[in-house]
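Contents: one structure, followed by commentary.
Chain lettering (A, B, C and D) follows the sequence in which the chains are written, and residue indices restart at 1 in each chain.
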Amino acid sequence: MNEDIHSISLLIVMVWPLLLAIPAVRSRLPWPGHLAIMPAAVRVILPGDSSFELSWLFFGTEFAIDGEVRWILAMTVAVWLLAATAAKSSKSDPTYDRTTTFFLLTLAGNVGVVLATDLVGFFSFSTLMGYSFYGLMIHGGNAEVQRAGRLYLIFLIVADLVLFEALLLAASTTEDLRYKVVRQAMVGTSSTQFYLWMALVGFVFKAGIWPAQLWLSSAFKSVPFSRALLLGGVPVSMGLLGMVRWLPFGEHAFYVFGMVIQMIGVASILYGALRFFTNATMKMLPAWSIITVTGFFMATLGTGLVYPALWSQYEYLTHPFIASLGIFLAALTFTIGRLQDTRPHPAFASRKVEDLSLWVGKWIGAIRRSSKDRLFGLQSLWRGSWLKVKEQPQRILDWGKPAVLVGGWSAAITMFVLLGLMLAWLAR
Amino acid sequence: MGTVITKIPWGVLLILLPLMGGMACFLWPRIAKILGLVLTFVGVLSVVGLGWQIMSNGVYHHAVGGWGAPLGINLYADGLSLLMLAITALVGFGISVYSSGYFERQHSTRFWPLWLLVLAALNALFLSNDIFNLYVTLEVMGLAAVALAALTGSRDALSGAMRYLLANLLGSLSYLFGVALLYHGFGSVDITTLAVQVKGSPTTWAALGLIGAGLVLKTALFPLHFWLPPAHASAPAPVSALLSALVVKASFYILLRLWLEIFGPLGGDVDTLFGVLGAVAVLWGSLQALRQTRLKLLVAYSTVAQIGYLFLAFPLAMSAGVMAWNAAVYLALSHALAKAAMFLATGNMLRFGGHDRIADLDRVVQRLPLTATAFALAGVSIMGLPPSGGFIGKWLLLEVALAQGQWGLVVIIVLGGLLAAGYVFKVLGQAFTQAAVMHESRAVPASMEWAALLLAFGAILLGFLATPVLSLVGIGSPFGAHEVMP
Amino acid sequence: MSTVFLYALVGVVLFSLGLYALIVHAHLLRKILAINVMGSGVFLVLVALAKRTGEDTPDPVPHAMVITGIVVAVSATALALTLMLKLTAETGNAELPEDSRE
Amino acid sequence: MLQWALDALLGLGLLWLAWCALMSPNLLKAIVLFVAFGLLMALAWVRLDAPDIALAEAAIGAGLTGALLLAALARLRFAYADEETVGSPAQEEAKVRFPQWLPAVPLLLVVAGLGYVVLSLPPYATGLSTEVTANLESSGVSNPVTAVLLNFRGYDTLLELVVLLVALLGVWSLDGLALGRETAPGPVLDTLSRFLTPVFILVAAYLLWVGAHAPGGAFQAGSVLGAAGVLLLLAGWRFRAGLTELPLRLVLVAGPGAFVIVALVTMLMEGQLLEYSPEQASILILFLETTATFSIGATLAALFFGGRPQDDKEHT
């Protein structure tokens, strides 16, 4: 009985935001954002682990909450409550309805990602989350926001395609796609390396980790803080979570792979710190701190992959770490946003750490100046040859137009005859 | 209650009701719209009834005239036919709702009778178990589709329809020749009888060549796709949706059915050829779609690419029959929903802005939010992103390809998805921005927006229903009969 | 007996002749003629081979099929001719425009 | 031997006429040759013991198709007087660029392949003729072709009537160019039509009646009726305004409509679509054939007429 209640409560946690996302359902409800996260909040507080299975969804999938997941879910609840509070739009706002829909869809996707227990569930909900977040991000935004949104979208699509490949590799190796099974199954097969790299690239893109931080920083720069505070809790934390879930930690030592991740981590820390000190406006502070912190995380992950024993020892820390990262960033963004709103002082907004930036700026300026002329010449040369190369595929593609294809119809029907002959010949 | 439902001959009603409806619409044009809407809705109910019947009694048989094969004609419906009928009914209802707002009075009186007759022909086709009867249904469908494609009477529409008609007639004659050879070689036109009788002989090979080429031409597989983009792009929006979503699938269904029952075991290397052509179609169609500057042509070329995916199942089915065919069916179903939604959404944008130049789409997202959502959701399914029907189809296909180590196909499938993402976002990107030239806008009825949106939702919803749909298609094991183990 | 195959062969050649004309001719009226000749070829094969019963009466099923086919052919011809006339009125030329895409 | 020579000559004649019709530089000549080809086909059908098809071919294949083609050519010329055979020089050039011998190569392969296949078929095969003969008793008619058309495979025939209707709907929805009134009938045509129309109607009635046990039937009768209609149309006769609306449309759908209704009724009574009880079979078939004859005749004549009669009136 108790089991059932727990399962049902988990189902409500996931379905409730989706239901509210339908405008007709929530039209009479006040505070839909807060309301939508309530079941999740209650579930975080309720003790006990539980799970429920949906055999008809996809190829049968399961959602569950346990000690680790509880951390992440708690973070999600906190971040979304903050975001719902920060979102100031009211029903009189003409874009209110659509914004709220995107908001709730992203929320639903986020909760699904947290609760999923297998790769397919994780992937599907993270897709829902990612694309709805895109909608939420750009909605009603200016040209700069639109550009940031497009950047995010490009990274998102590439990441999804790559992760999809990884998912397929996993699926072709094992029938059962639950994390634990996949971790064991993906070690020592012919496609292990493929899988690792795909998953790594996918999540690096999704989480905006260096060197794919481009979309993250431009999003922080342009998106209003009430939505930017979700960046840490939604795409970044879920990307890190994905890495923890998908990569085979603690099973086997991957030296090269682990080293690469460590290096990414170190580079990320350096990059984040440098930007933090050279060029930081208040608004961009969360962006650079996020890159630094994820760098630490990556360095840890790399170490875990090189020394599996170490990982097993400290594994229990990863989920609290991700959770605190999400909450910390959301709170930071929220606070800065509020400060900026209440004290719109120009100097405050563009405060820079002057001395360091001068020092680095001089060096960069010198390098630029010295290489500029040479680069320009190279560039024009390259442009010219590229244009020539570009014409070739154009010609091939034009071949399909009947005007170029000699006699259009005639050739097409001749091909029809040839196809018939070939079919009969091959059937022999 | 249950027994009443299982006793009503739903399959026959699916054919006769739209047939009578078409004639009634012709006789009394005034009530055409109401009649069309009611009858397509009854069609949905009838498919539900048929589904109930099939689930409780197994496959559906109906010996027309009481003679039975081989003398008479048998109607037959298993899981595969049922799903095709269901998707026809759903998309058909969507198209009807859309059309009730779309057509002006003059075109309305012409559209409805032809549309209902196409629907009758489609249902008859999916229910038929007789290759000559299939020829007649193909002709009813083909001629009515051509007439619908030419409905606007513009220069493009007329030349597109003319190409379409000639291609259709050529395909039909080639198919009929194949039927003649099969009949004279094996003494029957009943598919089930032929499945037992047919042996590998020159007759069979020639029949495969003729029937295969004819149906491939009608299905518009590369390189015989030349007629599709002009015809689909110049027709009125609901007709484009009908042609791309359903009519093309009908000839593919026949090819699939005949391959499964008759030619598959004797087909030799034909499946490889189909696979290669399918792969080229995926790439070629996507690339051409990317290059288009007009929205309707872009969507039409996307159909060329998506048809390619269906044919990728042929080489894979050699050793993983059921899985590969499931993938093809899933792709066909989700493409039907998504492409119908896409064409309908395109029709909305065209009506709204008076043009379909992609570069000049003027803030469609803000001004037609439902339509933009419909296009985006349909795009998600076409790209094969989760959670959507297209995702499940591609997923199944990729899984089979990976299991067999067909890396080439894997690359094609993923690349096709990437290119699809390219052309869908090419449209959506422009939909957000303000165009350089402002256009006079014209109101779009709510029914047209909702029809597109609900069909797109259907395509997404299909992504959640993999298990029930795949268990439905297994009824009567259409793919199980000739499974060849490696 | 062999007249059966004689006529069937004539049917095959007619089908191919029609196909050839369909390929090489640009004028739509000729394409329609070509399709009709192809149809006659198929019908001839169907009916000629029906005479192989070894009795006086041939197999009636292909005969019925051919009657159906003839009616279908005349329907298609009528539709094609109307389309051709409309197209000619629009373009001033009874041929398919080489590139109708733009 | 004489038979053989006759068949060979007929076959060669068919091929020669087809070639001339397809390759003649003059369109009018091509159409006339095509009609001649159709008549020769009718002869071939007789030689192949298919008198039913011979009748249908003579009336529909050669007669009506020929009339349709000639009418289309006349309208083409009426619209574009200078249009003789091919289009503008640019088009001519485009055509020449595709080498004409190129498709001939695969087509020769097609002929060889299909020829081989046809010859490889067994010399004796009964097909379904034994089944047809065995069930002819209970089919309600004694002409096996009619039995197949209206009973054993009646469903095909139902759909085939729908094809005719669809073609007409298509022609009407295209706003086909209606036959102009300006073609004043000559006195000969006028007299001929007055004289021939009753004859045609009698012939149609005879063919319809005889179809039950001898060559003939709905399609042959319908096409003769259609021919009478064509003749009347050519002579300048037009539908009376009151009849072009619902009454005309009722006649046009009578055939398929009656078929569908019979299909439904038989299904309710016997359980299967178009399952006639043996006692009622002959009367049902006669009923279906009669309605089909009127429909076919009216549809063929309407197809020939082209446009929707009184089209302008309907939209006001």
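Operating definition for what follows: a residue touches a chain if its C-beta (ideal position, glycine included) is under 8 Å from a C-beta of that chain, and two chains touch if they have at least 3 such contacts.
Bear in mind that the values here come from a model prediction, so they are computed numbers and not experimental data.
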| item | value |
| --- | --- |
| Closest chain to global C-alpha mean, per-chain Cα centroids | B |
| Between B-D and C-D, the pair joined by more C-beta contacts | C-D |
| Whole-Å separation of chain centres (CA-atom averages), chain C against chain D | 12 |
| Mean-CA-position distance for chain D and chain B (Å) | 31 |
| Chain centre separation in whole Å, for chain B relative to chain A (CA means) | 35 |
| Chain A and chain D: spacing of chain centres that average the CA atoms, whole Å | 65 |
| Residue list for chain D, restricted to those that touch at least two other chains | 94-95, 98, 103, 107, 110, 113-114, 121, 125-128, 132, 152-153, 156, 160, 163, 166-167, 170, 174-175 |
| For chain A, residues contacting two or more additional chains | 402, 408-410, 413-414, 417, 420-421, 424 |
| Contacts with 2+ other chains: residues of chain B | 132, 136, 139, 143, 146-147, 150, 153, 163, 166, 170, 177, 181, 183-184, 205-206, 209 |
| Pairwise touch network: line, ring, star, complete, or other | complete |
| Chain D to chain B touching residues, read off their complex | 113-114, 116-117, 120-121, 125-128, 131-132, 135, 151-156, 159-160, 162-163, 165-167, 169-170, 172-175, 246, 249-250, 252-253, 256-257, 260, 263-264, 267, 270-276, 315 |
| Residue ranges of chain A touching chain B (in the complex, touch as defined) | 55-60, 98, 120, 123-124, 127-128, 131, 138, 146, 150, 153, 157, 160-161, 164-165, 168-169, 171-172, 397, 400, 402, 408-409, 412-413, 415-417, 419-428 |
| Touch list for chain C against partner chain B, complex | 15, 22, 28, 31, 35, 38-39, 42, 45-46, 49-50, 52, 61-62, 65, 68-69, 72, 75-76, 79-80, 83-84, 86-87, 90-91, 96-97, 100-101 |
| For the chain A and chain D complex, residues of the former touching the latter | 406-407, 410-411, 413-414, 417-418, 420-421, 424 |
| Chain D to chain C touching residues, read off their complex | 3-4, 7-8, 11, 14-15, 18-19, 21-23, 27, 30-31, 34, 37-38, 41, 44-45, 47-50, 52-53, 56-57, 60-61, 64-65, 68-69, 72-73, 75-76, 79-80, 83, 85-88, 91, 94-95, 98, 100, 103-104, 107, 110-111, 114-115, 118-119, 121-129, 132-133, 144-145, 147-149, 152-153, 156-157, 160, 163-164, 166-168, 170-171, 174-177, 219, 296, 300, 303-304, 306 |
